[in-house]
Structure formats: structure tokens, C-alpha cells
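Across the two complexes that follow, chain A remains constant while its partner is chain B and subsequently chain C.
And now, the complex of A and B:
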């Protein structure tokens, strides 16, 4: 059972190696043989001389980031990327989604498809394809969307999970909202689920929880990799309670994103702190879960600054009134607990039907995975993957900003010259408005 | 050569036997039984009867829940086989006329073999059985424990009703449907994994040069009973598919052999026909391909005979015409002057043309034979010749009876119309002349011809 990762664009190719490093380091250690075996099978394959090679395909239109990633991996001496598993060009997509989607993507379709096919054929079982990209730039979003489309055509029955990094609200790229709108609207049709990390929230985690003074992209990527790893590493699941699941992505999807209108997944993790203070901290499961629950209902992404005043409405009528009070309603949640005494943790508080939409059966909304192996140095760690209203606000902001630009036709010619018409934009806006409407009426 | 063919037949039947037993039929008769059945040997009747019965039982398993009434005086097994064969359209004597055969023992082994061939060929029997077996074996034993059942759907519906949320039930059904789809995809992935692993195991085994592949060779792992079971069922499936492929490769030979069985049956039958007329309706139904062939060749021979007879007749007629011509020329041609002759010839030609045009037999006037066999006038030779040609035409047309294209008919009718109009014109002309002659003979009358339109 293996996951094939596709690293797309600069962002994907930076988070990718972090994820593999995290996963590798986490699975190395005494007393975790099965866990290690399972994790290794998931993310790596072994060459005849015993070297671990990441099950990953690297795609970018510039050579810089890929060569960095490849060099960094080989330098670690623990694992490396496949020798011919990357594809890059000399010239980037210039932060233009249309350039990536309409020009670069189709031009290099076959080469990228070949790389992915080779990786997929190496797996005994393809658990899923995990495509990592940002939505702001040109290559990750444009080429990434195109590649996802090709993957969907190639593997119509495979699970395709996209990891999206949402840009800072203040903006890195002037047309980032255009790119985001175009990417999201298309991926929503192609992918099985979109796992979203917002740069803003991750940045806050770095500054407040990790106490990092000068936050670099690397720090942010480490946090993202940590959170992703805590979900993707082996765990006992509902379908396989005594063996590490051989179908993690399938189970994740079937517990969270069964409805085609609701595909946005947010991720939060507790506790998170700097490695220096890790040794001096002690947590109990009830404490962690209490915090995590409040993070869920108050829509906080970190344990600091949680609004404890937000409470679960006791009836449907209440919820309408508390809608303004910041209560975050969920469709479904998946909690993953890792660490000591994990069996003693009581997740009953997450099963409260009041947390969820009334039209789903109460026993189908919450799933719990666990693993007795401590994750990434944390004695106890809890992650929550949530299909809820939590991404509504940033999505709405993104669409609003893009719309404001679109109304004045700003930078439109950059897109029309590659064949993305105003109608395409309008279609994308419609799709996203529909998603916003679906989530706000939960 | 004969011996080689025998060996091939044995192989073919063995392939069939392997396939049948892989499909779950017990004690399939030996190849020798089949061979003996071809020659209607009574000792293989029982074997073939059992096979036919079991095969039909398997085929109609689901339909035969109702038992025949216990008071039925006939053997229930025979009744079942008979009705099943009746259902498939088989019309052998022992099926169509129940009273002539009261026990399976009375049926010849060749009759049973023919019935078997019929069932196999008419209903895609082997493919049906194969599909059933494949479906049975492809059930995954390692499916995830939790599949949302009917209860889940009921609860979700009751919840949505209780909640009274508008459109809630649709969304929850969509949710459940999505879940099922995702789980189905998981199963698909699991199945692909299984086949890949099985392939690996097989490949390893073959690498280690162990020709005997059996499940016992697979290293037993603790807690892998599910896997073991899957492996077994997949290997079983492979065996079946291999047997089927093998059978498919040799199937044409089997049907050739069945043709020879059929030939034997037919030749025996015709021999019996000579001795016993009353058994004539033991014939195999007309839809049998072999019978068709026989009939086709009969028809062919008949046509050839007819053609030969026609040719013969034509040859004879031509000969007589030639003698006539020779006689006429010698008797009368010298007595007329060249001018008279020419005039006469012109006259005759005109009349002949008129007659031939008016009397040409066409497809629209079936059965019309021109009366041209009168005692010939001097110089009527060409007429006669023409008549002969007409007769030939008639015969040729008769050869292709009754078929006439609308356009051809139209053309003919138009030609005929033109001829008739021309005749009419001639008649009118002669009438007018006659009238003029008559009126000019009468005194004090002025003849005014009618106005021309």
C-alpha cells in the first residue's frame, strides 16, 4: 500500500521534501518495527542496494527548487528522490495560471504522465495520489491543475487528494486571487478532497507557538509537513482496528468527503511547540482533547487564543442565532491520536450530534484513528481533519478580492492571451459561490 | 491420418471435460464414452444421460424450484431434461413425443450426445456457467468490515425526517451514495492489490522451478487465512479460465466432430427410412445446419438437371428450324420477280414487326404464347426464327419466375402502350379510308370529317 506524491511548483517542491523528512525521521526509532515497515512502504521504495527512494514525482517549470530538493534529500544520506523522477524546464510560468494550465501543462503532459505512471506501477497497491501545490503561483496552480486533470483521466478510480497552500491574505503575487479562484474551481471537480493550509495561520503557529523570531518559508513548511505527517503516518482505523490501515486515503475520504459539494478539509494539530520546550511539557489526553474540541467549534487553528466563549448550540434555532457568534459547524471530522496511552483517550465529546449537520446520521460523522507510537517527538499528539465551515471565511475573502479585480477587468489580458476567457472566470466564480453557499447553509 | 484425427478428438474432448469439471460438474464421462456415443453404443447412455441432466440442472437451477407433481407417472428426471430441452428449442424425437420414450434408457447415446451439442451451441451454456462461477469466486473476503447497510440508510432518513431540515434527506442520500462509491473504489484498489500479489507469488513459484502449483506451496503466514482463501479462489479462477481458453482453442474441432456424429445419425436415419416409413419423423429439426446442407445440395442438383434439360430442348429446336429454312429456299424463291420480291418482303417485314411488337410476351402477360406455328407462308422463315427466339426468351424468363422490377414493368407497359397506340392509329386510318370510300359512293352527301383536337 503506497501513496504516490506529486510535488508541483515551487511550493509543492518545498513542502514535499519536508514531508518525506518528517515521515522518515518519525518512523525511525526503537520499538516501532511494524510502524516503520508500514510507513516506509507508504512513502518509499527500496533499491536493490537498500537505499530508500521517495515515491514522489517532482514537477516544476524552473530547475532551481527541484535541484535544491533533490540535493537536500541526497545530502541527508537517509533517503533520496528517484533519479529520473523529476521534470523541469528552464522558464517558469510567471505566476500566471493560464500560462501553466494552457501552455506548460499540455506541452509537457506526456513526460509528466510517464513519470507518474512509473511511480504508480511500482506500488503493489496505490492507496492514493497526493498532489501538493500552492494556489497562488503559476506553475503549482496552473500546471498543477492540469496535471490533476491528467491524473484523473489516467486513474479514474484512484483516490486523488490535493494539498493546497493558500497564500497570505496580504499577498505575495498580485494575481494570486485570480489564480486561486481558477485553481479551486477546477480542482473541486477533479479531486476527491482538498486539504488546505493557509499561510497566515501557519505563520501564526510559527510565531506564537514555536516562538520563531524570523520566520522563514522553511519553518512554515516544517509545520505543514508535521501536520500532514500526523495524518498520513500509519494508524489503526475503524476498518482495520488491529493492523495499520492499508487504505488510509480511501478511509479518510469515505469518512469525510462523501458529498460532492463539500470537499474542503482543514487541518489542525495539538500540541505544537518548539523542540526546546518539548522536553519540559506534559499533557493529558483529556486536556488535549478539550482544547482540540474548542479549537474545532471556535474555528481556531492553534491552541493559543482560543475563544472559549463559543459554545455548541443546544438546538437548531440556537445555531442560527449563534451563527454570528463564531460557531463552526462540521459535516464530518476525523481525529487521529498518536502517542502514549492512546487507548485511554475519550473522544466522546466529538461525537456530540450538535456539532454536526442534522441531516447526517450521528454515527457517520466522526471517525477516530490512533496509533500507540508517539509522533515526531511528541509524547502525545492529536490531529483533527475537519470538513467544516472553517475555510468559509478565507475562501469568501479570496473570491471577493478576485471579484473586485475582475469587475475592473484588471490583468485580464494576461489570461485571455493564453486562452482563458472572461466566461471561464465567470464559471469559476459561480462554482466557488456555490461552494460558499453550500458551506454557509450547513 | 485417421489415427491422428482420433488423437486430436481425444484431446478436444479432454479439454471439454476439464472445462466442465472446472465449472463444477462432477464425474464428466470419459473421452471414450463420448467416442462410443458417436457410434450410438448403449453402454455410454448412462454416462451421457447423467452429464446432460447435471448440466441442465445447473443451467436451470434457479428456475426449478417447483417440483413436478408426485403423481406424475413419468420419471421426474426424464421429465425435467425433456422440458429443459424443449425450452432450449431442441426437437429430437424423444423430446417432442413423450409417449414414445418412457425411460432414459431407451434413448440412444448418440441422441443424448446430439442433445448435449445442441444445448452447448444454442444457449452459450459454457459462457453462462463460466460467468456464474467467476462471479462466485471473485467475492472479496477482505472487504472492510463496515459497509453501510440498510439500517444506516433508515437511520439517516429517520434523522432527517425528525430534524425536519429541508432537502436534508437528499443531501444525506447523496452523502451515503458518495460513501458507497468511495468504498467501492477502495475495494477495487484492494482487488488490484490482490491480483498483483498473487501474480508475484506465482512468479516466485515458477522461478523456483516448482511446476506443481498448489495452495500448499504458499508459505503460511499467521493471521492470513483471509488472504489464503482469496489466493485459493483466485487460483481456482485461474484454473477455470485456463480450461476455458484451452477449450476455446480447440472448439472448432469439437464442432467438426459433432458434424461427423450428425452424419452418422443422418445416414442411420436414411437407412431406417428405407426399411420403415413410419419412423420418418424421427428426423432432426429443420434448423439443424447439417440437414440444411443436404437440402441445399439437393436443390443444386435439381437446378443442374433442369438446366441440362433446357439446353437439350433448345438444341433440338434449333436443329429443326435449320432444316425448315433449307427446304423453303429450294422450293419457292425462283418464281417471283425481284421487284415483287422486294415489295413482298417489305410488306412481310412490316406485318412481322407489327405482330412481333403486339405479341411479344412480356413479364406482364404471363402465360401468353404467340401463335406463330401456323402453316408457314412463303418467306415466313424469319418469322419462325423469331418465334423460336421468343420461346427461348420465355423459357429463360421462366427460369427466374415471378420476379419483376417495378421499373421494368413500367417500361414494358409503356412499350406496349406505344404499340397499341400505333395499332389504334393504323385501325383508325383504315376505317377512315373505308368511310371515305363509302361516302364517295353515295350521291348528294357531303362528308365533313370531325374537327381535329
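And now, the complex of A and C:
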């Protein structure tokens, strides 16, 4: 079962190649033939000369990033992008969501749809579509939202997962909060789930855990690719305990997205360290799982600086009280363990009903996948995909800042000139306040 | 020729003739040069860059505009309208994808100021969707052209209404920067030798052999334009193109005057002297000595700020410096984290790294107020007014409207400044029924 990736804008086209490299390298190695076959089938197809080609469509409104991505892959000699798998223009979207969504999207709809159709038809069976984009700019966010809409229309039954990169809180793009609000409000309806990475969080992982002195965008992207790879690589699941699951995205969605009002998924993965430290570290499953559990309930995204004082409330008090105690309530969690002695790992502590909302059936809240194959050089690694309150605060901040700006009507003329009105903004704000309210009252 | 040169030049059809071994043969500048007297244009046609321009790209007349905006705008504007539109259209048709117009002129004279702003309007009419970025050189207070305040204010109204972005430059600031560099170069102190071609006043990599009077100052402006377009010409991990600059830095249509600064001014030659730290480069970008107009953004209110970093600088250096400098700067209440950032891998010639800062900041207000003062002093006495009113198409309402446009602009900045003192509180959020 194969995944078709759609890389949108600069961010999508920078993370995408890292993801393909990560899964390629991970699937290469001794003693993992079925793993390799499953992984390769999921992400690549093979030409008659035995060259691996990524199942990916690259879309951008300016050419430089796509050229770089394609060239770098070709040079690696290990895998490459399809020759005609990309679509780009020259003038960019100018960080303007409205320009991306109202102008570029419709203008190039057919070309992009053709490219995706070709990739989808090449798959024996489609596991799902994985769209990668940022929310801060103009193309990933605006064109990305439009393309997601087209994909939803083209494939109403397919699973569509959107990977979103949220920008640094202290700006990369001044209108990033507007672009984010417009994107999130619409994607919420269109997508099956939104998997989010925040640049601030990943940056901290790079600086504190991986000890990188001069962090580059490439470093950030490698961490994101590692975390995504740990979820998307083959694993044994509840539905498929003795063969690698052929429906990973479907199973992920059914484990985590029980209600259309709750689609925000966060991701964490431990351990994370620099490659030089890898050789000197030894972890036990109990140790890893203990940290991961506390990370979940205290809403820490990395294994440093965890607040061990936060504990699971013994009684279901009102959410305000538990919120003040710093407790992060979950709707559902999916844990993926990879590596040595994985069957000995005991994840019982994650099944505690007190971690979850009481109105969901307890057997639907926690799912566990595993694979005995060590992932990306880590002897043992544990990932947790969470549908919880962990993204509530960043989302609220984003909406607060966007609202502040909106009240003063700053930059409105830049959006209205392309066809997005103040009412469109109000609709988006309403949608997001609703989502914030839903997650706050878990 | 790769992307880099294609941006500003195109291959001439039939290949260029001219000197063999010349790097620029076969290229034509994507440009239209307009002047109502012949001196400067003749020099270009005889100078080392002559191959870049075909004579049809140059539009000129004989007698000049007499430092009279009305003559430039109305008289020559009408006479040469067709020809200018024609040339611009021809140049535009040679582009695969036209992204932006750079309009470069001074404010104090007659042609640049008058005809220049007429061209601005014309570009808006003929190419409404293409961004118009104006580099405008404002006269200093000690300018020897008596009517420069009239010309500048009349032109400003056009810029406010028809430009997407304006980069005001003041000659005095350029002079100060040039002296600073030359002073550094001539102190003779050990460790103060500047690396050849590494200043922002040298035409690094340029073709000219001898320096002409305004060359040093003009090179600064040229470097500004090179830095602004670096992301369009070279690769980088975080691209920032011209449309993004206009989008992020202009929150309200008329408030589009951006103060620019370039650092470092030079690189020291002696490798044993520790290079001025990267962080110093960021600090300098916000100091009033590095601004290309006399303005102090650090002590005024920011509406938005863009940083374009070139060379071997990483994301973490950028973030660290933003974190460090943020508390020292005032941002408007609705844009407290108003930063637009870009990273381009290729540094300017002669440097290992460089930084361009563009600020939409109320610090332009004092300069505009001074300009208005100088205008009013003349206007009150009706000095030289008859030279303008005698021109067909120009009447008194032109003056009063230009004045009120400038006053309105200054008021908008004042209003923003006043919000800075009020205690900031988030406006109440949208209430939804739960």
C-alpha cells in the first residue's frame, strides 16, 4: 500500500526530500528484507533499470527550491524524483494566502491534479495522500489549502493527512498568523487529520538535545523527517499483528480521530540525540516509556525540562482546575515502538482512563504499534502521536495575535485585493475559536 | 547565464558584438533610461557599460526640466508618454515573468522627480498587477536647488498614491557613510586596513576603472538593490522575494516608506584581527549611523521590519539576534513580533556575510516634517510659484493637494506614535456560543 506525498511551497519541498532520504536510509540495512520491501513500496516505485523514484508531486510557485530538491536527490544516486513530477511557476505567492488560494490555485488546478492523478494511478493500492506544507507563507498555505480541496473532491474516499509546519512565534513572516488562521480553518473541514510540527519546539530539540551549535533549516528539517519517518515506516499494528500493516494511514486515523471536531495531532519521539552520542547511550523500555508518559501529561515535547510535578488528576474535576495544574488531557494516543526487545515493552500506563476524556469508550483511546527493526540508527525508539490539548496553547497564541492584527485591520488591503474579504477572516476566526473551545473543555 | 543575471539582463538577440573577452557582451539590461538632458545618458553610452544598453532604451531631450517638477511631470510627461510606454512594454515582453519595476530617481530636481512620478503613474495604468518599488533620493536640507522642496513634496504625493513601496535615501546619509569608511581606511592604525573591494562604497566586481564624484555614494544604493534582489537571484534556505517584501512591510496602503540599512560597511583585511562578530553586524543594522536616510528607527515605533541575511550565516544566528534585539525596540501593539526574515546562501562580492534591514518605522516622520517645513516656507511667500503655474496642466490645487497629502501622511504616523504610549491590552476575542 502506497502513500502519495504532495510537497507544497518552500517548506514542503525542503522537508519532503529529507523524509524520503530518512525512510530510504532506514530501510537499507542487513536483516530487514520484508521491512525494506514494505517501506520501499510505500514511498517509492522502481523503474525498469531498478532506480527508485519517490511517489511524490512537487508544487511551488517559484522554481529554486524544487530545482534544489530534485538535483540533490539525483546526485545522491540512491533515489530520485520523477522527471515530470513537479509543477512550478516563477513569481511566487508573495507570502499572501489570498494570492495562493484565489489566484495560483485555480489557475494551475488542472496541472496539479494531473500530476497527482498520475502518481495515484501508479499505486497498486493507495494508503493515503500525505500533503506537506507550512502555514506561514503564501504557497504552502494558500495553494496548499486549495490543492487539498481539489484532492478531497477528486478522491472523496481516500485518506488525506496534512503535515503542517507552524512557524517560530517570533516571526519569520509578518502576516504568518493571518495565513495560518486562513489555512487551519479551512483544512479542518477538508483534511482527515492535521499533524503539526512547531519550529520553536524542533529548534529546542536541536539546540538542547542534539547539541547543534549553529542550527540551520536543514537541521530542523532532519528532526521533523526523523519524527515523521518513525510514524510512517512499516509497523505491526492492532489490525495487522503479524504482517506490516498495509493500511497505516487509515489505522492511524481510526485510532486517533474519533470525532471530526478534534483533528489536531502532535508528535513526539524519544530519544533524540546527536549521532555521536548514539553509540554511548543505552536505554531501557521502562525508562523510555516513563519519560514519554510524563511528557504526554505535562505537555513537554522533549525529554529535557519535563515537569515531573504534573500528575494525572485522581478525579475528573472540572477542566479549569486540571488545566491549571498543567495536566494535558488526551482524546487518544498512538504509540509506536521500534527496536530491540520491543515485545517486552509494557505500555500499560498509557491505558489509564484518567489520562483521557471520559466520554470516549476506554478501548478506543490507546493504540500500540511496534516493529522489531531499529529505526534510523536508534537501538530503541518510541514515538507518540497524540490527539490532546498539547497544541491548544500555540493555537490560541496564533489566533490571539492574528485577532490583534485584524482588529486594527492591518494588511487587510493585501488580502482583499485578491478576493479574501473581512467576512472570510471572521468566518475563519469563528471556526478556530470553536476548535479552541472544544479542546479547552476536554 | 543562469538565473542571477537573467533577472536584470537578457541575452541580446543575434549576440553582442564588441570587445572580445568582455563579460557583458551579449547581455542587455532590462532597463529604460530617461533624462531630459543628454549629458548623463551620453556618458553611459560611451562608458564601460555601453554594451548593456541599446540606444532605443535611452529616452532623452536636450534642455532638461530646469529643476521644475511641473515641466517634468506635465510637459515632458505628455510629450514622451507614448515613447516611454513603448519602451517599457518592449522590455516587459522580453521577460518570462515580470515581477517588479524598480523606479530610481531623485526628488529634488525636475526630471527625475516630475517625469519620474509621471512614469510611475503610467506603469500603474499599463501594468496594474506588477509591483512598483521606488528608490527615491531626497535632497538634504542644505540642497542648493532652491525649488527642491516644491519638487519633493509634489513628487511625494505621487509616491504615496501610486507606489507600492518607497525606499527613501538621503544624500547626506550617503555622504556620512562614505566619510566614515574613508576615515577608517586612512587612519593608518594597525589592524584598520580594509580588505580590497569589501566596502559597500566600492563597485566591487564592477567594471569601471576610475572613480567619478558620486560613484561611492551611488554604489551604496546599488548594493542596496543587489541585496534586496539577492533571494530572487541566488538560492537560500529561506527565500524572500520582492513581492514578499511589499506584502509584509506595508500594513496600510499609504504607509509604504521603508528605511534601509546595510551592514557591514567594510571587512578588515588583517585576518589576525578577530572579525567583527556577527552579532555586531545585527546591532549596527539598527544604529542610526547605518541608515540610508537620516532616521533613528531604534528610538521610534516599528510597524514592521525585514532582515535579509546573506552568506554563511545560520538560522540560529538570526534567531539569537532577533531575541536579543527585540526588547530594545518598540513595535506597534498589533505587530509585536513583526519580523520578516530571509536567508540567502550567497554573500555579496568581497564579503563573507551581510545584512540588509528594511524598517517600516515612524522615524521617517521628522524628515517628512522638515520637508514640509521647507515647502511651506517657500509656498507661504509664493516664491517661484509662477514657474510652475505657467506650465500647462499645473495649477494651484496641485500644490495644496500635495501639501495636504504630506500632512495626512505625517498625521498617520503621529497617530501610530500616540498608540505607543497607551498601555497595551489585547482587544477582546471573538465570542462564540459554546
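Just so it is clear, the second predicted complex is superposed on the first by the 439 of 442 C-alpha atoms of A that agree within 3 Å, B and C clash if a C-alpha of one lies under 4 Å from a C-alpha of the other, contacts with A are read in each partner's own complex, and residues count from 1 in each chain.
One rule holds in what follows: a residue touches a chain if its C-beta (ideal position, glycine included) is under 8 Å from a C-beta of that chain, and two chains touch if they have at least 3 such contacts.
All of these numbers come straight from a predicted model, not from anything done at the bench.
After superposition onto chain A, the partners chain B and chain C occupy separate space and fit alongside each other. Shared-chain residue A:173: touches chain C; no touch with chain B. For the combined model, the angle formed at the CA centre of chain A by lines to the CA centres of chain B and chain C equals 110 degrees after rounding to the nearest 10. Counted by residues of chain A touched, the larger count belongs to C, out of chain B and chain C. By the touch criterion stated above, A:208 is placed in contact with neither chain B nor chain C.
Judged by the touch definition given at the top, the superposed model places A:78 against neither chain B nor chain C.
Residue contacts after overlaying the shared chain place A:437 against chain C, while chain B stays out of touching range. Within the superposed three-chain model, A:351 lies out of touch with both chain B and chain C [touch as defined at top].
In the superposition on chain A, contact of A:158 is made with chain B only, not with chain C. With chain A used as the common frame, the shortest Cα distance separating chain B from chain C works out to 12 Å. Within chain A, no residue touches chain B in one complex and chain C in the other. Contact residues of chain B toward chain A in the complex are 144-146, 148, 152, 155-156, 159-160, 163, 165, 168-169, 171-172, 174-179, 181-183, 185-186, 188-190, 192-193, 196-197, 200.
Those residues of chain A lying in contact with chain C across their complex are 10, 14, 62, 64-65, 68, 89-96, 138, 168-175, 203, 207, 212-218, 220, 399-401, 403-405, 407-408, 410-411, 413-414, 426, 429-430, 433-434, 437, 441.
Residues 3, 96-97, 99, 235, 237-239, 241, 243-244, 246-253, 303-304, 314-317, 319, 322-323, 326, 333-341, 343, 426-427, 429-432, 434 of chain C touch chain A in their complex. Per the touch definition, chain A reaches chain B in the complex via residues 1, 124-127, 157-159, 192, 238-240, 246-247, 250-251, 253-254, 257-261, 316, 357-364.
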